[in-house]
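Below you'll find a set of structures to go through.
Each of the next two complexes has subunit A plus one more chain, namely subunit B in the first and subunit C in the second.
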Partner chain A sequence: MLVHSRGARWAVWLLFLVLFLPLFALPLLVVLGASFATNWSGVLPSGFTTGHYATATRGEALQALTTSLLTAVAASVLALVVGTWAALAAAALKKSHRRVMDALFVLPVAVPSVVVGLAILVAFSEPPFLLNGTRWIVILAHTVLVTAFAHQSVSAALSRLDPAYEQAAASLGARPAYVLWRVRLPLLLPSLTAAAGLCFALSMGELSATMMLYPPDWTPLPVLIYAATDRGSLFAGSALAVVLMTATLLALYAVSRIRTRASYR
Partner chain B sequence: MTRRLLWAFPPVALLALVFLYPLTLVVQQSFQPDSGGTSLQPYTDVFASAAFREALWTTVWIAVASTAGCLVLGFLLALIIAFVPFPGAKIVARFVDVFLTFPSFLITLALLFIYGTTGIVGSFQFLTTPWGVLLAEVTYFTPFVVRPLLAAFSQLDTAQLEAASSLGARPLRIIRRVILPEALPALAAGGSLVLVLCLNEFGIVLFTGAKGVTTLPMLVYSKAILESDYPGACVVAVVNVLISVGLYALYRVVSRRAGA
Partner chain C sequence: MKGDIPFRGIRFDSVTVAYDGNVVLDSLDLTVEPGEVMALLGPSGSGKTTALRAVAGFVRPASGRVFLGGRDVTDLPPYRRGIGMVVQQYALFPHMRVEENVAFGLKAQKVPRGEIRGRVAEALEMTGMAAYGRRYPRELSGGQQQRVAIARALAIRPGVLLLDEPLSALDARLRSGMLAELARLHRELPEVSILYVTHDQVEALTLADRIAVMDRARLRACGTPRELYRAPANEFTASFVGGANLLPVTVGEQGVRFGERRLEVSGPVPEEAAVLCVRPHLVGLGDGPNRISGTVREIQWRGATHRLYVEVDGHRVIADLRELKEPPAHGDEVTLHFSPDDAVLLTAGARHD
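What follows is the complex of A and B.
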């Protein structure tokens, strides 16, 4: 406890509320409020309607939601496989090699996502790998962007893993593949699911690289939200944004359930 | 050893194909003007344009100012959550985690209602100025500072605070002499991450719809997609990558020191 007097403590809490509510809670409340309104010219939104949700859950919008969900699932699964493989392989290398590999795999975090989009667009519009105009180019870009996060969180978990377990298993005669499958991966499961949730959420909200290369028949939800706000339909855009947030939160909740079940094992 | 290197080969090869090879193509294309051949022409063209210089300046100053804002605000909020805890402080800390998973453009979307043309506060054109982008970036990126700070504070022994306090140190002095030195590594790591993310931010700027605010990522997008000027877009991309990768390398060094 840093502040002991009662009055000073209340003053500090008041300061916290004054900073926290308008900056962090208000934006989310505003988007939520606007998604149910047709008009917002005073302090509160007016013209209550659920019409935006009716259009946000059918036709073009529903298709965009499915597109986003499929892209996010595909990208997270691929990123998790590649990221985990890379983290496990790097952990077995000697220190200098491991450093190089870690640096390579976190590089996509530092490179602007717009540039990742541009690079993939440039590379995969030419004959040897012609992906431009298909859904695979979007999934590929998302995978590249989220693999870095998957790799980072798995390798952080690996470095905290107690080597005693795998040494015990190996000394009892378990083959390396068996140790990996029955000892290391189960111990890593909590961080694997956490990484999966992070990858999924990032891919659901990805806009920068997607704007560079989405084909007309594979439009993820963030692009549709941008299109709506760009033509001035802010209220319809808000409803779409709430749908996006809800879908992301539901998926994160589902993933966290796996995590708690695993940690009781 | 060779067996282990062999296991590391598939993921590295995959990364090279889908990430490193495309990046080298971008660098290569930045030296190939539309008129053909290989020259520095795209670079001299882009560097000479006022739009590029302005975008470079806007990107850098907004990123630096946002980072400073995030550090001050994040330190203050983390300090209150950790050391002047109130009922519900745990929930607020969870909320910060959830906030990190939302896309950045949500903030601009909300600000459009608050400060936009038909907004709550009024119809002054706040959002189409760099200040609107600055506010949105401070809001969105502050949690990236709060989270490592809360982790660092949770390892701080509160007995140190009690001791300092019983010896008569005032709260401000405790913050300066006890808490701040402990928080410096986390502040440095969080701050440089936020700086890189701000330099690369695209969604927030795109959603303001402001023609007046152009940042480097925005320039890459408009050159490539709207003007189909690929060599020019690649030049801007190379400049942007050099700035942010350089800073990110610095961040890795700082955070490794902090972790050691």
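What follows is the complex of A and C.
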């Protein structure tokens, strides 16, 4: 927004801070503060300790972090492949058919994730698709939940892609598969990495469907945080939350590095 | 780049293209001889780009056939047609260097690796872009990108080159430079047939061996630039190729009459009502044969010439005159004339169908 007068600019900044700080920044700062505390009865936390982090980075917690990272990577990769494939296929369809496809892929977002979790639990608890009790049911649920975002961002990018590129490639004698691999996918790379980052972040934080599905040997970190706060260990839970947050942000930063290298224009 | 380019012409056999029942190209019959430059000239929406896209394979004719070098390609996908194509917005692949762009078609067609280097260098050499192989398209100017796009199309040694308004994204000075460049390329590659789509009559007159004039999905006229310019077949061609004064005249026993004036016209005279076509630069000021007089309504000084808009009996006559020492003023009565050789009579009623 372009604001010219000095006073108005101050007012805009003030409004931004009033809205942004309490809503977005303060809660995160509180978690950070609590993770180093043993007690919080006054205005500020007290009883500084790094003990929560000592437990949050080894043993069960470390196991849970690895589980979360593996689940998120697997779910994002699967979602990206399925979502991109579907978006590419939909781009070749007629407009009315494409709308049906889009609606189908948005469904897991429109439906509450608890319902998605329950549906997957019911569907995969009996042979021939007996996945209940394995890690695959968690990965499957996460994939279903995040594919919508991958599909949406790739199909938006596809509709912005100038058809002149693929036509130029075709006139030069390139078969459709070659055009896809050497022209269309490279041009879509910035949106693909953005979609990957989004899927990863969503999967890292997923709790409600996971709660219904996770087997004892595949406990993602959000479940552990929920369990800790549920039994009243708020400060230990905060440390776990900070670990989750840091891991997610680091992964997103890495993805954004790839992305800046991938955007040519 | 000699020897192995097949001589290939293009033939449209009553090609009709429709989008959702909307006819955008109406039974086009046209033959481009091997090695010929054919310009498709027309305003936007005339169907000229659709015709080109039908050759490239990006639109499917509702009826009719397209032939390349005697082979029916109507049902072939674009990548099996072996055509070179350059479009207005260049469509260079932004993620590839210039040399990778030029090599793209060769790699896609699995040309042996050893041969690719030489052919890329050759194509870049031809278009004067040899020094820019390592650059990315975004690091080049519009004119340079255009040269790379041409090099990329020529690298696959197509028998047919399709150019879709290749110069319209360039500014006027670059455009005339590129026009000379294209003419040189065609002299160096005389065996390549070129289909050149443009709305600019100067480009068509300069470059083409023949011009096909299109309007409203139909072919209106086809001939050499000289034929179309000197003896246009209809009013649309006359006004679109080169600009023209079109005056309604009657043909009777006393000869050709414009209002009360009798005019001398050499050449064939149609039976009855007709339209007289005379080019603005062939109209002279002052007394002479075929004199007509009227009022100056507008005068434009264009440096080397003066353009006069003169109203004669409610009709506008444009005269392009060598720069005048003492130009007439707005509202003056002036006399104009033109030589009987310079006027052409067109049958009336051929107006836009």
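Keep this in mind: the second predicted complex is superposed on the first by the 247 of 265 C-alpha atoms of A that agree within 3 Å, B and C clash if a C-alpha of one lies under 4 Å from a C-alpha of the other, contacts with A are read in each partner's own complex, and residues count from 1 in each chain.
Note that in this section a contact is a pair of C-beta atoms (placed from the backbone, for glycine too) under 8 Å apart; a residue touches a chain by one contact, two chains touch by 3 or more.
On a predicted model such as this, the values are computed, not experimentally measured, just so you know.
Set side by side, subunit B and subunit C differ in how many residues of subunit A they touch, and the one touching more is B. Contacts of A:Ala164 after superposition on the shared chain: subunit C is touched, whereas subunit B is not. Contacts of A:Ala241 after superposition: subunit B is touched, whereas subunit C is not reached. In the superposition on chain A, A:Leu26 makes contact with subunit B only, while subunit C stays out of contact range.
In the superposed model, A:Tyr253 makes contact with neither subunit B nor subunit C. Of the two partner chains, neither subunit B nor subunit C is touched by A:Phe48.
In the superposition on chain A, contact of A:Trp181 is made with neither subunit B nor subunit C.
Of all residues in subunit A, those touching subunit C in their complex are 162, 164-165, 167-176, 178, 182-183, 186-187, 264-265. Subunit C meets subunit A in the complex at residues 56-58, 77-85, 87, 89, 91, 93-95, 104-105, 108-109, 136, 138, 152-153, 156, 162. Those residues of subunit B that touch subunit A in the complex are listed here as 1, 4-5, 7-8, 10-12, 14-15, 18-23, 25-26, 29, 73, 76-77, 79-81, 83-86, 92, 95, 98-99, 101-107, 109-114, 116, 118-120, 138-139, 142-143, 158, 161, 165, 171, 174-175, 196, 199-200, 202-203, 206-207, 209, 216-217, 220-221, 224-225, 230, 233-234, 237, 240-241, 244-245, 247-249, 252. By the touch criterion given at the top, residues 1-4, 9, 12-13, 15-16, 19-20, 23-24, 26-28, 30-31, 34, 40-43, 82, 85-86, 88-90, 92-94, 97, 101, 103-116, 118-124, 140, 143-144, 147, 197-198, 201-202, 204-208, 211-212, 222, 225-226, 229-230, 234, 237-238, 241, 244-245, 248-249, 252 of subunit A touch subunit B in their complex.
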